[in-house]
Structure formats: C-alpha cells, structure tokens
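Pasting a structure here, questions to come.
When the chains are written out, they are named A, B, C and D in that same order, and each has its own residue count from 1.
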C-alpha cells in the first residue's frame, strides 16, 4: 500500500472543514429554515367529529392495529350516501328494510313520498345511487333499481291511504308537455289544490317515457297505470293539442305556465345525401314505432351515434326484422354515453359496433344506401371532457345498408313565439334553483332546460318547479308528505357476511328478437329479500355511543382518516411551540423572537406548562375546528 | 518463532456504537486479528410476515415502513407493486412519476446514511456524517411536506399514492436538486482522496466478482465487485424505462469501491429526479380501488432496486381480504452471507469498516 | 535550610529573577504552584469549551449554547454532571488498581507544567534539564492508562490499553529524536534558554523536526489520526469504558491536560514561547497555545483513524528514519556554522524537508493488513 | 426486460434430461420432484444457455396439506429468470436437499425457512435457527402455529 501524494488529500479535506467555520451553522433552531406543514397532516392528535360520523365502522375495520373501538346505537338522522346521490332524494335504505321485512306495499309508499313514477324508475332509471353505495367497498353495490321494480310489482296500493289532496285554491296552472317533468309537477300541484291542465302535442301522454323508450324496456301499460294515478288526483291532460304561443294561454286566465317540452328534435348529421330515402332520424323512428305506426326496415340497418337513443333504435330495428344492425360511433366504448348494461344487452343481441368511425357521405343507388365513413383517432380532451375525435386522412371506407338511422343527439324544438332566451343546444335558460325563466310566471324544467338527460333528473326538476310555482301562487311550497307508516325498532347492522348481487333472469335471445316483450324479468320474492338484507343501513348507523382510540397502540398511520367516507376523522400536526428567550440562544437573531405570525417550530426544549403543552394547531381544516363542539380530547400529555 | 497466543471471543455485540442496530458479531480474536466471525441475528425479529397475514392488503402498508426504516418509501413501493400485479390494478401516470421521485429521494437519503456511517466507522469523527445528515434533513423535510411524517411515511397506496404533493413541494425539490451535486462534490473533496481513508478502505474486505454472484448479493455490494446488475435497468418496473441514467460499478470489490459506487449512485438519482420532474404529468394520483381489496386466487412476485439491493415481495392470495402469505426478500440479510469470509484475517478495525461498507439495516434483516 | 540552598543549583539562577519578586524561594514556589493549578484548570475548561464549539462550527452545527451565556458554562455543567454520577467499580475488576489508575495518569500530566516558561524566567523551577524531565514524566502517564485497562476486567478496555502502550512506546523515540534536533540548535536543555535562543522560531529552522514532533506528540496524547485508544467505533470507549463519575472526570481531565501540555511544549520548543513583538509575553504564550490547540482539533474533525498496525508501521518505518536523518542534517549544520545559523538556512531546511517527505512517502509502505489465518 | 421463461419449455427440456422429475408445470412456474431437486438445480446452473448463476430468493409457503418451497433463479448474462418449486408433504419433519453447495446465497435463507417454517435441509453447513433462540419450540410461520 503506497502512501502516494503524501498529505494533499488530507489538506484538501482540512480546507473543506475550515470553510465551514465561516458558514452559517445549519440547525433547526431557526424556524424559517423549517418548511411548511404538509397538507396531509399526521401528528400526535386524533380529532373525531361526532356530527359527521355515521358510525359505519369503516375506520375500525381499516385500522391495522385494531385500536379503534366504536359502538353505535342506531338512532341516526343524517341521510345515507345513496339517498344523497339520488336527484329526487328517495330514502333508499328505508324502503330496502321494508322489502327485507317482506312488506312491499310500505316500500312503495316510501318511494311514492318522493317520486310519482316508482315502477317507471324501477324499469329504466340510470341509478346514480348505486355508484355511491357503501356496500361496493365490501363486495358489490346493492341493485336498487330492481328492488324498486320488485316493490311496485307487489304493490297493494297502501300508499293511497295517507295520500291527501288539498282543497281547491282556485289557481289555474298550465303545463306544456306531459313528460316525466311535466306530469310530476302536475301531480304535486294538483295535490296542493291548484287546477292543472296538461297540453300534450302527441296523441298519448308520457313524453319520452312513452315515445322515447321502447316497449322491451318499459311496457306501455305500466306507464298508463301510473299516469292514471296522476289523473285521479285531478290532473286534466289534453292530448293532440299543440300550444303555439304562451300569451294566448295567459289570456285564457292561467296564473302560471310550466314549459316541459322535452328534447324531441333529432340533430341532423349535416352530411351530403342526408335526405335521401331510407335515411331516418332516431327520435321520429322511435316515436312512430312506439305509437304503433307502420315502419318498414330493410335487412341491413346502420345506426349513427353512441347514446341510449342509438342503442334503442338498433334493438328496435332488430325487433322489426332487420337481419344485421351495425352501430357506428366516432369514439371508443369507454366514452359511450349509453348505459353500460344497455350496450352489453345490445351486443348480446348481435348488434355489431364499429368504434372510431364517422359517416362522411351517403350515396343512394337503386334502393341501396352506400355509406362512406372515415376512420377517426382521439385527440385532445374537448369541452365535454371527452377526447375530441379527429379524422385520419385517406382512411375512407364504404359499407352498403338498406336504412341509416341518425341518433347523434336531441335538442328541444321551441317555437320562437315563446319569446324566451335560448341557451346552448337550443335549451331554455332558467334560474337553476327555482327554474323560473325571465318572463313573469313562466317556469321551465326537464330536458328543455338541461338538454337530453335521465328520467330521474326530469322528475327532480318537476318537483322543484312544483315547489316554486306553489310559492309563486302564494303557497308555502311544501310538497313533502308521509305515506309510509313510521318504522319501529330498526337496529343497525352488526355483522355482515359476504354476499354478491343476484343474477337477474332475462328472456332468451330468440324470445327477445321475436317480440317487444320486456327483456328483463323481475326478481323472485326470496331473491329480493336476500338482496334487500345486503343493505348496510347506512342511514340507521348513526348515534355513536362510544368512540375510543387507544393512543398507546395507535401508530398514526392515517389509514382510518382516509377510510372514513364522511371525513369525520382527522389528525392535527402540531409543532411544540418552543419559547425562545433572548439569552438562551447565542446565535439568536432578532427574528428568532417568538412572533405570532411567524410559525415557530423546531425540536428545541418544549416549554411544558402545568396542563398540556401549548401547541400551535396548523390544520388546514381550522375552520372546521370551531364547529367541533365537543372536542374529543385524545391527547396524552406529549413529551411528559 | 510465533508467539503462542490464545484467541479469545469478543462480542461486537447487539449494543455497539457501530453495528447499525442490534446486530451481533461473535468474533474470536487472536490479539487484533479476527480469526473467526459468526453473525447472530434475531434481536429485532418482530415476525412481520406473520403479522401481514392478519391484516388487510391496505393494513399491511404501515408494516412495510418498519422493514428497512432508513428507506421505508421503497419498501412500500415494492409491496404496492406486488399487490397491483396480483390484483391487476393500473396506476395513473402522475402517481407513477411521484413514486419514482420519492423512491429516488429515498435512495439518496439512504445512501447518505450508509456513506456517513461507513466513514464514521473508519474514524472520521462525526464530520462527514453530520454534513450528510444536513442534506438528509432537507429530504426529510420534503417527505414531511408530502406525507406529514419523517420516518414511517405510509405514503404509497395500492393503485397510486395517498395524497397529491402540496404546491410548495416542487420549488423546494427543485432547489434541493440543483444544490445536491454541489454538496456531493464537497463530500468528495472532504474525503475522496484522503490518504488515510485510502489506506483504511482500499483493498480491505474484498468481495470477488464470482463470490458476489454466488452469494446473490445485491445493490452497491454487488456493483462494487464489478457486476453491472441493476433491477431498474435489467427489469424496469414502474416508469423507470423512460429515464436515462447509468449504473456505476467498482473494480476490485473492496470497501472503497462500494463507497464510490454509493456516491456515484447519488448523482444518478439526482439526474433521474430532474428528468422525472420535467415529465411530471397532471391528473389523478390514485385509481379507484375499493378499500378492502380482494385479489383473485394466485401469486405474484414484484421486486425493485431498493438502496440496499433487490427488495422483493412474494404475495400469495386466496381471494380473501388478507394476503395468504407475504414473503419478503430482504437484500441486507443476503448481503451479509459473505461477511465472515470478507472479515477473516483482518483486524478488528477492518471488520467494523467492512461491515459498515456493506450497509445493512437490521429492521430488514430480522423482519 | 542548607539542603534547600544547595538545591538551587549552580550559577544561582534565582538571583537573576527580576528584583520585584517578593520573598525567597518558598514564596516563589507557592505563587507558581497556585499559578500552575489555576492555569491548568482554567485552560482545560477553556479547551473543552473551545473544542466543543470549534468542532461544532467545523461540522456546520451550533455547538453547546445552552449552559450560561454562549454556552460558556458547558464545561462546568459537564463537570458537575460527572461529579454527581455514581462511581461504579466493575465487580470482578481489581478494586485498588481501578481506584489508583486515574491518579497515576493525572499527576504526571500536571507535573509537566513545572518547567513550562509562561514568561521570561517565570517558571516554577528552571531545571537545566527541562526537556528531559518532560519526556520522562510524560511516559509515566501510560502506566496509569494500562492500569485502568487492566483493572476494568473488560475485553474492550484491555484491547484499548494494550494499543495505547504499544503506540506510546513506539512514538517515544521519534519524539525524543526531534527534541534532540531542537536542543542541538538551542544549545541547552533548559526550556527558558531554548526560548531565549529562538530569535528565529525553530519551526522555521527545524520544519521536519516540527512535523515529526507534532505527529509523535499527537500519538502520545491519543489524538486523531492516532486516537486508537478510545476508538468509539471499534472498542467502545477504550480504557475508560468502565469508568464513571469522579474517576471518569479525572481521565477526561488527563486527556485535556496532556493536550494543553503538548501545545505548551510545542509553543516553547518551536514557536519561540513567550517572545513576540507588541503584546505582553504572557499573552503571546496563550495565543500560541490556543493556535496549536486549534490545529489539533481541526485535524481531529477531518481525518479518519489509522489502524493499529498502520500506526506502528508509520512510527517505525517512517517517523524514526526521518527523525534520524533530520538529526544528522542538523548536526552537520551546527558543525559547519558554529557561530549561529544564518537566515537562508531556513529555505535550505524546508527544501530538505519537502524532498525527504516526498522521497520517503514514495518508498515507505504501510503494510497489507491481512494475516493468513 | 427480464424475460420470465415459461415453465412448460423448461419442463420438457428437464424431462428429457431427468425423466420423471417434473411433477407439474404451468406458464410461470415449474414444480420439481424433491429427489431430483439437486440434480435439476445443478443442470440449470451449469448448462451454458440457461446459466442460472444468481439465486434471487427462496421462500416457503404452507398450504396445509403440503409445504411448497419456491426457488427464484435469475441469469445475469441472458437476463432471464425462472421459478422452480418443490413440495414436501410430511408435516412432522419435512426435509429437502440443500442447495448451499450450488449457491452460497441460500445459506441464510434456508436457515430462516428451517427456523420459521420447520423444513430441514440436509447438506446445509450449519443448520441452526436464524432468528429465534435455540430453545424455541414450534415454527411460527406455519399456518397451524398459534
């Protein structure tokens, strides 16, 4: 081992240490050296908020050390996550419990408290509630829509007993359009005593429910029965009467008018050869079929578009005898606005879907349509939050069909004599809360305001309009009613076993194509009860008697804070506020002195008072702290 | 004439200033020369693999922080990759990049401690380790900003990371990344060519190349012996294939080479972090994963290049919410296999220096 | 009383004391003993404080700043803490030897100061064999250390003690040879005369001598890079592992007193003691002592530790030959220029030093270290 | 990318070499009879184009009716890896041949499996408990250990 370059390496090292003599020593004594507190604070203090906690014991389940002990007594008040997600606010856990106890009639009463169309929703609702169901955390969400359908199929009309109609108030309300929004508003306004007349342009009331949704999803007699219920309350429906101007209605002495026209006009594709024979527009196609008019369809049918309307048109075409139906959609399956179950049902029935393809030209040649399409590719995200498809140059290809149905979208068709401001997509602009338009006494709701949307959203709009019209006409605007008997002795869920969704039986493929019979058969009795029992009763679990965290075992990993669905648990990260006295620090600069706005910190000796150490709580949820009335003080004296 | 000396047993035992935790070397000494050395483990055995079988897949994450407590971010990364492979969960882009940044920061922090401890064992009285701890303090502040803790981070989740980084994280990281190479040069000037360190470290505790492969060593120990093997390059996981960085290797495989390899790796990590910061996309940081993950029946093995070597998690699942078996391949334990041969014949001081250069962490050895 | 007079030694040095000294020999003795005691205690406290703050600053940290203003009272706090600690004697250890060891280590360290000249002529007793006395006394301390190592009945302490003995013995010779160089140039053994002879500080005349002396002295006192004795990373705390309380305080004191003595000797031998242009001589002495001490703990903060066999090899194979050559060259110079050494000799000596160091470092090997077992 | 060799290919090669040594083989792993383990391992290590010189990990899993020991082998030159498994059915004192003679890295891992799972490896230089103390009764990682 040679000792080469004697001393030079050592000298260089000495130079480095010497240089440090004159540099500012790095120490945690200087607070500003300390960086800011991270947003996800995880300190030594666990704060639990009693109001927000729903007692769903997810935190106890998620704690790896098993330190959280929670006892719930079940007299809760806060609505369950699924009820919050439902636009109309149906109390889902409550009617699930009625079904579990084998009382479907009471269940329908609970549903009818919020929506006048329980069986329609049971068949066609897009069920936003199932996305929020807490059971999904364990295995799979509850099938709420089918439970609603089961309840309505075994209903004995118990809800009529408590359904009251107020005495006539002498006010007259005109509703244009008998879709879900219009009829819901009519129903509630009639119950409040106003005399309501509904004007419907088509021969049959029901709007999109009647003409938009084909029979195999919602059979017509179910709809007619529910509309009968609405008529019993005193709603007068005039069909085949198209209303052209609002002023004439006002002259006839109506005090308030509700425009619920819906979105019945199909959007034109705007490509060459769109008017050639054999090219149909989906809304009119579905309307003719559902009204029973004779519609001839060739053996090869193409449907352009990816929404529910496109799927319905395709499956209706199949049932009308089309041999081969293909759907062309310019984006991919992920971006399809249609309901996933509908898309699967269509694929099961043999519908072929070409993704990333868009029509560019239609050439009509001796009774046959040459559809020229172009391949697309997905580019940047556009305003609707989906990626904008761009055509690929030179990738045209042609296919021949007998009919082409355009289902690329719908928009309301508003006669200009209404004199109302028209917003984007030809919709009426209304105040989002009260749904009142700019003209006095005129209200608008449903698809005409929001553009094509789901049935449940239209019903929710209908309820909102009923409230605002009643207020406009001088009432209090209360449409809440209690139809169901009060619930006795409901206990929260103790232990839940693993259980999956039931398989809903459907018609076989051959039966489906032969007729317009309903595809989905309902649930049997014991299957429905089993499914209802899977509900975690989130609304009942509140009223926490005992919530204790054994600080000794807790390792402050923060998993419970993340697991809590209602953000009722969080941790404060506190620096011990160190008291610096001038003399104590040799290198103390002026700014070291404790000042309020500067954030003191550091690992200096914490000044320990008699009680607990003074701690600066640097919580970004500070505003939340003052709301926490009873502070569950779990802090052990830190550092004693 | 050889003086007749009688060897005696000295316990460089569990409580010893330079055994990096509770590791005991039963050395039989003949005067100063180590005649035989037998490592004794188990002082920090907590049975983490048994504990993991009782916890849900998310509940095991805090356990992984306590494996190699000097690099807990990488342990969680290995475990989380294994679960994602098992359950087939995809991770959003931003989360992948955040994981790479955190893992590389953790590699720098772990190497700082490793090199500092090694130099301290060679006798430089606390100066190098204090300079390096000053840098490590900055990294810990960055971690504190991101996940609120300084040692057991519990930051990564199955399907991404638990929280997005606060806005003041990137500027602070940028400042750190720009100043770090300067600090590394300062360490080099302090001790790289120091004659006494050269004498104490060069040619001491040699691990030849074939033996390194034979004892399946990993990380700087393997690369120090001249084997060019790095999981990030050989079997790139996460998004490591999008960065260019090179793998430093030593020549002889002595303490000095391992020390130099660690210093170079710190520079490469800074390079990776710079590239990762430029390509950091925006978007979600965690994909939709139910709280009680229930992967299908089967098994999966995922391994990463942890600072100390190849850290692997072998998960067997029986479609319940807890792993059926969670086996951990601990690089530190396997790197110690050859410690006895590397130390026999050298002095006590060299035994301590060689042990320091292998850089083990008892939390991972004893599990 | 006659014995005392005669012990004054020939030539009546005492008479040469400045007239304002009151009283006779006994007064002088008393005053100086008190001065030395105060000087040692205060300077040791100052050294402890300076080292801890200095090291802190060299390592980019604050250093103690809690006890008293600027942390000045930190050594006092340490002392009180150590005194209050329980004094444990290992069960199977040799009780008497364990108790006696710190005393045997501390007394010689204190006795060195008898001959250190604080000011012109201001030293307890101006022995005409000053340097020889110092070298003799300083090797006694090693016996104390070995007694401590043996009495603690602890393998680590024994290892530490054996290392210390080996190290001190092998570094004694280069130490003495480099002192011999200085004595040759100064022409007398007495410390006071050495200082007076240093119109040109001997560090310039004897650069190689200074280097060898500094390294050998560091080894004597167990300071980095030779602090094998209490190498905390290898043998926990060396010989004073089993000591606590009062005895540990004494060992702590021994360490710093020896460093103080070392820096004092270096200032007298090489940096021309108390001679300096403006400031009062005593202050110059202090400044130089502190400067040397700064060099010592600056080295301690940067350089790693050598292995025991390398320390030995360095002593026998490197320092000893260099010291001999240095002595030989100095001898030639003295013979060639008897009337006093001209100034240009400084450059010659430095050149020789550089040549010798580079030559020797190339030639000299520190030894492999691996023993076939 | 480290290519994971499919179990079937290697199984056919090994069957030609040692008939009857393969119990079962799937896409990602290969179960070998415990008697043939040592010979198969040497074959895998020595043949030039396989050249599994690096043993990544050995782990044991307790499936109630049999213990499964998983050997993960990697080759650095060809950058491919293979998973070899063996099973031993007795629960009282299961034994397997030790591979320490081929890969020294297996030393501690086999001692750990002996310590925690109770599978003894004959041919291991010093088969003692690795983590638990000598007098400890029982093997904690077994599913029936309580």
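Assume a residue touches a chain if its C-beta (ideal position, glycine included) is under 8 Å from a C-beta of that chain, and two chains touch if they have at least 3 such contacts.
The structure displayed is predicted, hence computed values, not measured ones.
Asks: Which pair, B-C or B-D, has more C-beta contacts?
Replies: B-C
Asks: Based on CA centres, what chain would you say lies at the far end from subunit A?
Replies: C
Asks: Give, as an integer number of Å, the spacing between the C-alpha centres of subunit D and subunit C.
Replies: 63
Asks: On a C-alpha centroid basis, what's the spacing between subunit B and subunit C, in Å?
Replies: Subunit B and subunit C have C-alpha centres separated by 44 Å.
Asks: From the C-alpha centre of subunit B to that of subunit D, how far is it in Å?
Replies: Computed value for the inter-centroid distance: 26 Å.
Asks: Between subunit A and subunit D, what's the gap in Å when you average each chain's C-alpha atoms?
Replies: 53
Asks: Would you give the residues of subunit C that are in contact with at least 2 other chains, written as numbers and ranges?
Replies: 58-61, 301-303, 366, 368-369 - these are the residues of subunit C that touch more than one other chain.
Asks: Among the residues of subunit A, which are close enough to touch at least two other chains?
Replies: Within subunit A, residues 1, 3-4, 6-7, 10, 13, 16-17, 26 contact more than one other chain.
Asks: Which positions in subunit B touch two or more other chains at once?
Replies: Those would be 127, 134, 190-191, 194, 196-197, 199, 203.
Asks: All pairs of touching chains, please: list them by chain label.
Replies: A-B, A-C, B-C, B-D
Asks: Spell out the residues on subunit B that touch subunit C in their complex, using ranges where they run on.
Replies: Touching subunit C from subunit B are residues 8, 10, 16-18, 30, 32-35, 119-127, 130-131, 134, 190-191, 194, 196-197, 199-200, 203-204, 344-350, 352, 356.
Asks: Touching residues of subunit C toward subunit B in the complex: what are they?
Replies: On the subunit C side, the touching residues are 55, 58-61, 155-156, 159, 224-225, 227, 231-236, 300-310, 366, 368-373.
Asks: Which positions of subunit A touch subunit C when the two form their complex?
Replies: Contacts found on subunit A: 1-4, 6-7, 10, 13-14, 16-18, 20-21, 23, 25-27, 29, 583-587.
Asks: Which residues, counting only subunit A, touch subunit B once they are in their complex?
Replies: Within the complex, subunit A touches subunit B at residues 1, 3-10, 12-13, 15-17, 26, 28, 34-43, 58, 61-64, 136-139, 555-559, 562-563, 571, 573.
Asks: What residues of subunit D sit close enough to touch subunit B in their complex?
Replies: Checking each residue of subunit D against subunit B gives 1-2, 53-57, 59-62, 70, 72, 76, 79, 81, 83, 103-105, 107-109, 112, 116, 129-133, 140-141.
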